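Before we start, here is the structure in question, set down as C-alpha cells.
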Amino acid sequence: MLLNQFLLLGAVLFCTGVYGVLARRNAVLVLMSIELILNAVNINLLAFGAMHGEAAAVASQVFALFVITVAAAEVGVGLAIVLLIYRNRTSVDLDQVDLMRG
Amino acid sequence: MENFEDIALSTAVFLPLVGALLLMVVPRENEGAQKLIALLTTLATMGVGIYLLAEFDYAASGDTMQFVVNRPWIDVISSRYIVGIDGISLPLLVLSMFICVLVVLYSWNHFPSPHNPKAFLALILLLETGMNGTFVAQDLILFFVFFEVVLLPMYFMIGVWGGENRQYASIKFFLYTLFGSALMILSFLALFFKGGAESFAIADLAQSSSAIAHGTQLLIFGGLFMGFAIKVPMFPFHTWLPDAHTQAPTQGSVILAAILLKLGTYGFIRIAIPILPEAAVSWAPWIGGLAVVGIIYGALGCLAQTDLKRLIAFSSVAHMGFVMLGIATLTDFGINAAVFGMVAHGLITGMLFFLAGSIKDRFHTLELSRLGGLLIKAPKMGWILGFCVMASLGLPGLAGFWGEFPAILSAYNPAAGVSEELFRFYMVVAAVGTVLAAGYLLWMFQRTAFGEPTEEFSHEPIPDMQWPEYAAWVPLLILILVLGVYPNLLFGITQEAVQHVVSAVGG
Amino acid sequence: MVAQNIAFGVLAAATSLAAIRVVTTRNVVHAALYLVVVLASVGALYILLTAEFVAAVQILVYVGAIVVLLLFGVMLTKATLGEDDQLDNDQRWLGAVIALFLLGTLSFVLVDAFGDDKLPSLEGVSRATLEAQRGSGAVGDAIFSTFLVPFEVVSVLLLAALVGAIVLARRD
Amino acid sequence: MDVLSGPVAGVFRAPDVDYHAFAPELVLVAVLVAVLVVDLVLEGRGRRLVGGLAGIGLLAAMVPVLTLAVDGANRSMVGGAYVVDDFALVFKGLFLIAGYVTMLLSSDYLADDDYYEGEYYFLLLSSVLGMMVMASSRDLISIFVALELLSIPAYMLAGWRKRDLKGNEATLKYYLLGVFATGVMLYGMSLIFGITGETVLTEIGSKLQGPGASLPLVSLGIVFVIVGFAFKISAVPFHSWAPDTYEGAPTPITAFLSVASKAGGFVALMQLVFIGFLGRDDVWQPMFWVLAALTMTVGNLIALRQTNIVRMLAYSSVAQAGYMLLPFAVAGDLAKGPGAAMGPMTTYLLIYAAMNLGAFALVLAVARKTRSGEIASYGGLFEYAPGLTVLMSIFVFALAGIPPLGGWYGKLVVFKTLLDANTPWAIVLGVIAAVNSVIALYYYASVAREMWMRPVPDGDTTPVRVPAGLTAALSLCAVATVVIGVYPQVVARFGDLAVFSLLP
Amino acid sequence: MLENAWIIPAITFVSFWIILFFGKRLPRGGSEIGVAALVLTFVLSCVAVFQWVDRPADTIIQPVGASHASADEGESPAGGHESPAAGMDEMEEGHSLGMRVVPAAAGGETDVEGEAEGHEVEPIRAAVDKSTTWFKLGSLEVKAGIHIDGLAVTMLFVVTLISLLVHIFATNYMQGDVRFTHFFAALSLFTTGMLVLVVSSTTLQMLFGWELMGLCSFMLIGHWWEKKENSNAAMKAFLTTRTGDIGLLVGISTLFFAAGRTFDIATINAAALGGGMSETALKVGAAALLVAVIGKSAQFPLHTWLPDAMAGPTPVSALIHAATMVVAGVYLVARLYGVFWQGFDISAGGANPIAIVGGVTVVIAALLAFVQNDIKKVLAYSTVSQLGYMVMALGVGAWTAAVFHLFTHAFFKALLFLGSGSVSHAVHSFDMRKEMGGLRKHMPTTFATFMIGSVALAGVFPFAGFWSKDEILLGAGKNGYEFFMYVGLVGAFMTAAYMTRCVYLTFFGEYRGHGHPHESPKAITVPLIVLAVFSVGAGWLNAPFLNYWFGEVTRNETGVMAGLSHHPFEIGAALVSTVVVLVALGLGYVLFFLDKLPTGVTQRNALARVGYRILDNKYYLDRLYTDWIVGSVKGAIAKAAYWINQRVLDGVVNAVGVGAKRLGRWVYDTIDQGLVDGAVNGAGTGAEGAGGALRTIQSGRVQQYGALLFGAATVFAFVLAILAV
C-alpha cells in the first residue's frame, strides 16, 4: 500500500469537512463536519505511524486516541452551546447569529 | 545632604514630581494650600537652579558635563540613568524652572475653566519634571522617556482647560508629536545598533557613530530630524502648533512656547549634530531651507490671522525658523544664536501668551477685529504688549535680536562642506523675514492697542494690571531687556559647550 | 497485498462518498447516518493500518457515543427531519472554492513529498511481535508512562467539559 | 534526574514522578477538585468561600513556582516532553497572577448578576491549569492537550451569561472558530509528525533541520500549526472571533482571554517555533512578517471606529498582539540567534498583562455605575471619579506606549529587536509599527478625551462605588504599570530569564 | 570728554527711564528731566568739540592710492587691529588703524612717497577709540566702543543742539497733550538712538542706534494713535525703513566676514581701502548698505514714508528731519565711506549707484514739493530732496561737502519745521491754502526766522545753505560727475522756487483761516532765533575766509586713505548757482506772488491786484506762464510725478503691504489649511475610512469568519509551499 493512498484520502476528508463547516447553515451539521476534519487528522496520524516504525506507531496511536477523546469532549461542549443558543433563539441557523459585527 | 552636588540635578527633576504627589493628597476644596504647595515646589526647584548657576564651572571646557550622575537603570538594554549639564542645557534648564514659577504665580487668580486648581497645578509640576529631565538626560533612552513625559500633561492641559476646539487641538498635538517620537526612537535604536555602541549614553554613541556607513547615517539623521522637527516645529510639520497654542489655556501656551518647542531644537544640538556630524553637514542645506521657508511662511501665516493667539502661535513658526537656520549653519555663531534664540523666544513669546491670556480674560475674545484701544483701556498692559512686540520683532537692545541677527550673520558663512551660496541666499530670505515679522507684529499691535476701543467695550470697565500679572511678568520683562543689552550673560554660558558641538562638525 | 488494496479501495470510496453526502445531503438525519458510514469506514482503515485498538475506540466512541449525541442534538433542536432546502448557506461556492483550492494544495505537497513511498510491509512479522510492538499493550504502556501528563490533563479536560456542558445546557 | 525514556516493550515500569516539578499543577488540581466538592456540598451557600478558595489556590500554586525558581535547576522529564525551566516558570507565574486578578474581577461581577459561581471558578482554574501545562509542554501531544484544556473551559466561560444573546453568540463564535483552528493545527501537527516521526519538539527540531527537510509539505505543516495558535493570539486574519467574543463574554473573562489565553498562545508558539521549527525561519519568518503587519494595522484601523469600549479594547489587544509578533518576524536574522527574540516578547507580554488587565478592571468598575459599554458613557468621568479617571488614563496611555507608563518599554524592546535584525524587511516592519503606534494613540486618547474633556452624558454624577476586589486588582495593575514604566529593569530581568536553556 | 563720549548717549538713556517711570509724578510731566539731560549732553558735546579742535593734528595717514603697491606688508587688516596686548575686559585706547597709522614724529619721511604721487598728505587728528568686550560669540570677542573723530564730534554737536532746542520747543508746543510724558520719554530715547549711532565704533552698535530710532519714530509718528491714519503712518515708517534694514543686516554680515570677522568700522574701512576684501564682498556689502540708506534716509524709491510721517507732532518732525533718523543713512555712508568708495569705485567718476539714487531723489522730491498744500509736507519733500543732495555728494566723492551739508541743513531744516510748528500752533492747521496766508503780520518773529531758513535752504549767499550746496556742486563738477552737477543745479532751482511758493502761501497774501493767530511764546521763538543764527552763520565755517576750517576739523583716516580731494571755493561756480537760485526766486515771485493762483486772493490783496493787472496786460506772457510753466511744470510734470508717486511708488509700498496680507491669507487658506494641514487631517480621515472599510470584513457571521480562517490558512500554506519547492 502506498502511503499516499491514506494521505490523499485524509486530504479529501479534510477538505470535505472544511466545505461542510463553511457551507452548512445548521449548527449540528457543522459539528458533524468537524468530525470529518478530525478523522482526516487521525488517518494521517495512523498512516504516518505505520510508516515510521514501532515507536512512531505507538505514538501515533496515542495521539489518535487523544484526538478522539478531545473530539468527544468538544462535541459535548459544542452541543451544549448549540442547545443554549437554540433555547434563546429557537433556531440553530448560524446565519442569524450576527448581533455583533464591525 | 553633604554632597548636594551629586543629587542636585535629580532633585531638580524630581522635586516637582514630589510636589505633584503632595498635591494629590490635599483635599480638593483647599485651594490655598494647593497653590502654596505648587508655588513652593517651583520656587524650591528654582532654588536648585540658582544653586546650579552658582556652582556651575563656566570656564570648564565644553566637552565635560557637570553635576554628572551615572547609575544603572535598565541593564538589559545597556541604558543607564545618566544626567549632567553643560552650557547648552544649563540656560534651558533654568529657563524651564523660571517659567514654571511664573506660570504658577500667574495662575493665582487665572485658573481657566473648568477651574480645578489641584489637577491643573499638578499637571504643571509634572510638565516641569519632564522638561527638566529632558534637559539633563545624557542617555538617549532616558532622554526619550522625559521627552515623552511632557506629552500627557500637555495633552490634558489643552484638552481639559483649553478653548472651544480643544479636543481636536489636543489630539492633534499628541498624535503629531508621537509620530515624531516614534521615528525618533527608531533612530536612537538604529544609532545604537549600527554603530555598535556600548550603551545609549550620548557620549558613547558619539564615539561609535563614525562606524556607521554614510548612507545609513543620512537615514538615521532623517529620522531624528523628523522627530525633532515636529517638536520645533519646522515647516511643514507645524500645523499642530497653531491649533494647540490657540486652544491651550494661557499657562499651557506659555509653557508650550517657552519650553516645549525648545525640546526639539535642543535635541538637534544635543543629539543629532554631535552624534552624526557628517550627516548633519549633508542635511544642513535642507534644514536651512526649511528653516527659511518657515520664516517666510510663518510670517505669511501670521498676516492671515484674525485671532491674536493664533497669530502669536504662527509667529513661533517663524521665530523657530531663525533658530533652526542658526543650527543649520553648524557654526559656533549659529548655534550660539540658536540657543540664545531659544531662550529669547521662550521669554518673549511666553510673555506674549501671558498677555493674550490676560486680554482674553478681560475682553473675552481674541478676535483682532473686536479688539482695539487697549492703550486706552489698560495702558500699562498695552505698553507691555508694545514692548513685547518690539522684542519679538528683533529690535536690537532686546533679547529677540540676539536670536535673529547672529543667525542671519552666521548664514553668511556656514560650516565647511555646506554650500555658501545657498546659505547666503537663505540669509537674504531670513533678512526679508525680519521685515515681515515687523509687519505682522506691528499690524497686530495696531489692531489691539491703537485706536479707540470698539463699540462693545467702550463703556465696559477693563481693569489694568493686577498683582499676579506684575509678579509673573516683571521678571520676564527685565530679563528680556537685560539679555538684550548684555547678551554675554547667555553667550558666556553657552559658548564653551557650543564650541564642543561645533568641533564635532569640524568647524 | 492485493486484498488490502482492494479493501482500501472499497473503504476509501465509501468514506469519500459518504463524507461528501454528509456535507451535501438535505436531510439532517441522513447526514448523521452518512457520518456513521464515514466513521465506520475510517475505523476499518485503521485496522488496515494495524491500529486495531484505535479502530475499536473509533467505533465505540464515535459511532456509539458521538453520533448518538449528535442525533440527540438534531432532535433537541427540532430540526426538520425530512428534506430541508435551508441547510446550506449562501457562501456555499466560496466554501467549495476554498475546499478545492486546499485539496489541490494538499495533494500537490503530499505527492511532492511522498510520491510512491510504500508503507513498510509487516507481512513477515509475527502477530505476537506486532502486538508487543504496537498493540494495545504497548499503547497502554506509553499512555501511562511517556504520555502520562497529557493523559492526566485530558482527565481534567473531560471533567471540565462535563461540568461546563451541564451548566450551559441545563434549563434554569 | 533520569525520568522514563520512551516506551519500552514488554514490562511496564511505573514512571518516577518529580513531584516538585509538578507541584504547581498538582496544587491547582487539588484546588479545583476542592472547589467542585465544596460547591457541591454547600450547594451555593458558600459562594464567597468558593471564590476565596479558588483565589487562595492560585496563590498557593505560586509557592512551588517560587521554590522551583529559587532551586533554579532545569527539570526535563519524559524524554524532554515536559520541561520546567525559567521560561516555563516565568509564564506559570504570569498565568497564576493573571488568573488571580481575573478572580478578583469576577467575585463581585458574579455576585451582582447571580451567575453560577462554583462551576465558574472550577472552569477558570481548569483553564489556568491548561496554561500551566502548556508552559512546560515540549511535545506535540502535550501541547495539543494543554491547548484544549485551556480552550474548552474558556469557550464555556465566554457564554456564562446564558440568557444574554450576545453571550450566546460570543461562545458560539469562539467555540466554532476555535475548533476550526484546532482542526487546522492538528492536521499540521499530523504532517509534522509524519515527516519526522517524532512528537518531542527537540527531536522535531533536529530532524527538520536536516537535509531533505525543505519539502513544501514541511512548510505546509508549519503554516498549519502556526495558524492554530495565531487564532489563539488573535492575529489577523485569524482574529475575527475576538471582538465579538470579547464583547459578548463576561468582562472578567474578556480580560482573561485577552491576557492569559493570549499569553498561552504565545507560549506555545515560542516553544514550537524556537524549538521545533528552529531551523525553518525561511517558512515562519515571512509568515510572521505578514501576520504582524496585518495584525497591527488592521487591529488599529478598526479600533479607530469602535464606539464600545470593550470592543475597542478587543481590537486594541489584537493590535497589541501584532507588536508582540514583531520579534518572530525577524528572529531568524538576529545576531545572537533566534532565541534572542524571546526576551522582548516575554517582556512585552508581562507588561501587556498588567496594563490590559488594568484597563478591563476599570471597565468593570465604571460599568457598575453606567451599566454601559459605550465609550460615550465615560463622558465626564473626571468630574465624579477622578481617581478612576487617572487610573484609566494610566492604562490606556500605557497601552499606547507613552513613557513613563509601562507600555513604552515593551515597544522599545520590540523595536530594538527589529533594528537588531538589521534587514530591510525588519526596518520596513519597524516603520509600519511606528506608524501604527501613532494610529493607536488616537483611539486610546479618545477614551481619555471622553473622560476628561466631555460632559457627563446623563448628568448623573454620583460617585462610583468600587468593591474591594476590584480595588485590589486596579491597584495591583496600576502600580505594576507605573513601576515597570519607571524602572523597566524589573520586567527586563524576566524577559532575560525566559529563554530556553537548550537553545543552540 | 572725547574718551568718555559714551556718557553722552548714556545720559539721555537714563533720562528716558527716569521720565518713563517717574515722569508723570514730576511737576512738569518729565519734560524738565528731558531738557536738563539735553542741556547736559549739549554742554558735554561742546566740551568734546573744543577738545577735538584742541587735539593736535599729529597723525599722518598715507593715502591708499599712494602706497597701493606696498600695501601688502604682510599683516591682514584685522590682525593689525586686534593687537595682542588688548586687555580682555578693560577699556583700551588705541589708534585703531593699525599699520597705516604713523605718528608724525616718527614718520616724517613717509610722506615723501605720498608727495611724489601728487597727494598732499597732511597730518590729521587721531580718532579716539575706546572699547570694551561686549560679549563673546563662540570664538569671537565682540567689542563695544566709541570711535570719536571729527565727523562724530560734529554730529554730537548738531544732534544735542537740535534735540535740546526741540525739547525746549516742545515743552510749550506739546503742553496739555494726553501723553506729554510719553512724548518726552520717546524724545530722549530717540536722541539716545542717534547718539549711539554717532559714537559707535562698530557696525553692530550702529545697528542698535539705527533700530532704536526706528522704534522711536514708530512711537512718535504714531503718537496720536487714536486715529488710524496716524498709526498707519507710524507702521509705514517703521516697515519701510525696516525693509531697508534687510540691506543693513546683509551688509553688516557681508562686511563682518569680508573684513575678517569684525564689526569694527575702522577696521572695515581700512580693509576695504587696503584691498583686504574681495571685490564681490565689497560690491555686495556696499549695495546692501545702500539699500539700508535708501530706506532710512528716504531716498527714491523708498521715500514715501517720510511725508506720511508728518502725522507725528511737529517737534518730532523737526528732530527726524534735521538731526536724527533720516540723516542716519547719510551718516552711515559717511562712516563706512571706505566701503562705498571701493565698492562703487567712486574715484572713477561718471556715475555710480549712490550718486544716481541721490540725484534722482533730488529732482523727484523737489518736483513733489511743488504740489503740496500741507506746509509740513512741502518741508518733508524738501528734506527728501536735500538728503538726495547729501547722498549724491557722497556718491560723487564730495565727502566733506556732504557732511557739511548735513551740518548746515540740520539747522535750517529744524528751523523751518519748528517755524511751521509755530505757525500751526497759531492757526491749528498745516494747510497752507485754507488756513494760512498773511501771517507775517501776526507772527513777526516766526516770519523772520522762517524767511532766514527759507533762503538758507534755497542757497542764497551768504546763508548757510549756499556754502554747503556750492561745495557739493563743485565737488560733482571736479570729480568727474558733471552730469550730477547739473542735476544739483536743477535741484537748486526747484528748491528756491517751491520755497518761494511755500513762503508766499504761508506768510503773504491774506489770512484765510479762522480765529486770530498770534505770535508764539518764548519757549517756541527762542529756539527759532537760535536756529536762525546758525542758519546764517553755520555755512561760514567751511568758507574760504575761515580757511575751510570745517573740512580740516572733520577730516578723518578714511577720507585721507581714500585720497579725497578738496576743491577750493570757485567764484565762477558760485556765481552760476547763485544766478540759478535768483532766477528761481524771481520766477517763483512772479508765479506765486503775482499770479492769482489762489483765486479770490487777488480781489482782496492789493499787491496781488497790482500783479494781476500787470499780468493781465501781458496776457501772452501770462498764458505762457500759466499754460506752459504752470501747466507743464506744476500741472503736468509735477502732477504726473505726484501721480506716479502716489499711485506707483506709494501704491507699490501699500500694495506690498496689502499684497503681503493677501498672500498671507492665500498661503494660510490654501497651503497651510488646505494642503499641509489637509494632508495631516486627510491622513486621519483616511485611517478612519480604512478602518470603516475593514469593519465590513467583520460581518458578524461566524462562517464568514471561518472562511477567512481557512482561506487565509490555505493561502499562507500555498504561498509558502510554493516558495519551498
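When the chains are written out, they are named A, B, C, D and E in that same order, and each has its own residue count from 1.
Keep in mind that, in the parts below, a residue touches a chain if its C-beta (ideal position, glycine included) is under 8 Å from a C-beta of that chain, and two chains touch if they have at least 3 such contacts.
Small disclaimer: the values here were computed from a predicted structure and weren't measured.
Student: Provide the labels of all chains in contact with chain B and in contact with chain C.
Tutor: D, E
Student: Would you mind checking which chain's mean C-alpha position lies nearest the centre of all protein C-alpha atoms?
Tutor: B
Student: Determine which of the two chain pairs, A-D or A-C, is joined by the larger number of C-beta pairs in contact.
Tutor: A-C
Student: On a CA-centroid basis, which chain has its centre farthest from chain A's?
Tutor: E
Student: Centre to centre, using CA atoms, which chain is the farthest one from chain C?
Tutor: It is E whose centre lies farthest from that of chain C.
Student: Could you give the separation in Å between the centres of chain C and chain D, each centre being the mean of its C-alpha atoms?
Tutor: Roughly 31 Å, centre to centre.
Student: Return the distance between the CA-based centres of chain D and chain E, expressed in whole Å.
Tutor: 79
Student: How many angstrom lie between the CA centroids of chain C and chain E, rounded to a whole number?
Tutor: That pair's centroid distance is 104 Å.
Student: Taking each chain's centre as the mean position of its Cα atoms, how many Å separate chain A from chain E?
Tutor: Each chain reduced to its C-alpha mean, chain A and chain E end up 97 Å apart.
Student: Indicate the residues of chain D shared as contacts by at least two other chains.
Tutor: 6-7, 9, 141, 144-145, 148, 152, 155-156, 159, 162, 171-173, 176, 180, 215-217, 219-220, 243-244, 302, 305, 442
Student: Please output the residue numbers of chain A that touch at least 2 other chains, ranges allowed.
Tutor: 7, 14, 17-18, 21-23, 25, 27, 30, 47, 51, 53-54, 58-60, 62, 66, 70, 73-74, 77, 80-82, 84, 94-95, 97-102
Student: Going through chain C residue by residue, note those that touch at least 2 other chains and give them in order.
Tutor: Touching at least two other chains: 89, 91, 94-95, 98, 102, 105-106, 108-110, 112, 114, 133, 138, 142, 146-147, 150, 154, 157, 161, 164-165, 168.
Student: What chain pairs are in touch here?
Tutor: A-C, A-D, A-E, B-D, B-E, C-D, C-E, D-E
Student: Sort out for me which residues of chain E touch chain D in the complex.
Tutor: Per the stated touch rule, the residues are 684, 687-688, 690-692, 694-695, 697-698, 700, 702, 704-706, 708-710, 712-713, 716-717, 720-725.
Student: So in the complex, the part of chain E that touches chain A is made up of which residues?
Tutor: 695-696, 698-703, 706-707, 710
Student: Show which residues of chain B lie in contact with chain D when the two form their complex.
Tutor: Interface residues on chain B, with respect to chain D: 72-77, 119, 141, 144-146, 148-149, 151-152, 155-156, 159-160, 166-167, 170-171, 174-175, 178-179, 182-183, 185-186, 189-190, 192-194.
Student: Report the residues of chain C in contact with chain A in the complex, numbered from low to high.
Tutor: Result: residues 1, 4-5, 8, 12, 15-16, 19-20, 22-23, 28, 31-32, 35, 38-39, 42, 45-46, 48-51, 53-54, 57-58, 61-62, 65-66, 69-70, 72-74, 76-79, 84, 86-92, 94-96, 98-100, 102-103, 106-107, 110-111, 114-120, 133-134, 138-139, 142-143, 146-147, 150, 154, 157-158, 161-162, 164-166, 168-169, 171 of chain C touch chain A.
Student: Residue numbers of chain A touching chain E in their complex, please.
Tutor: Within the complex, chain A touches chain E at residues 18, 21-23, 25, 30, 94-95, 97-102.
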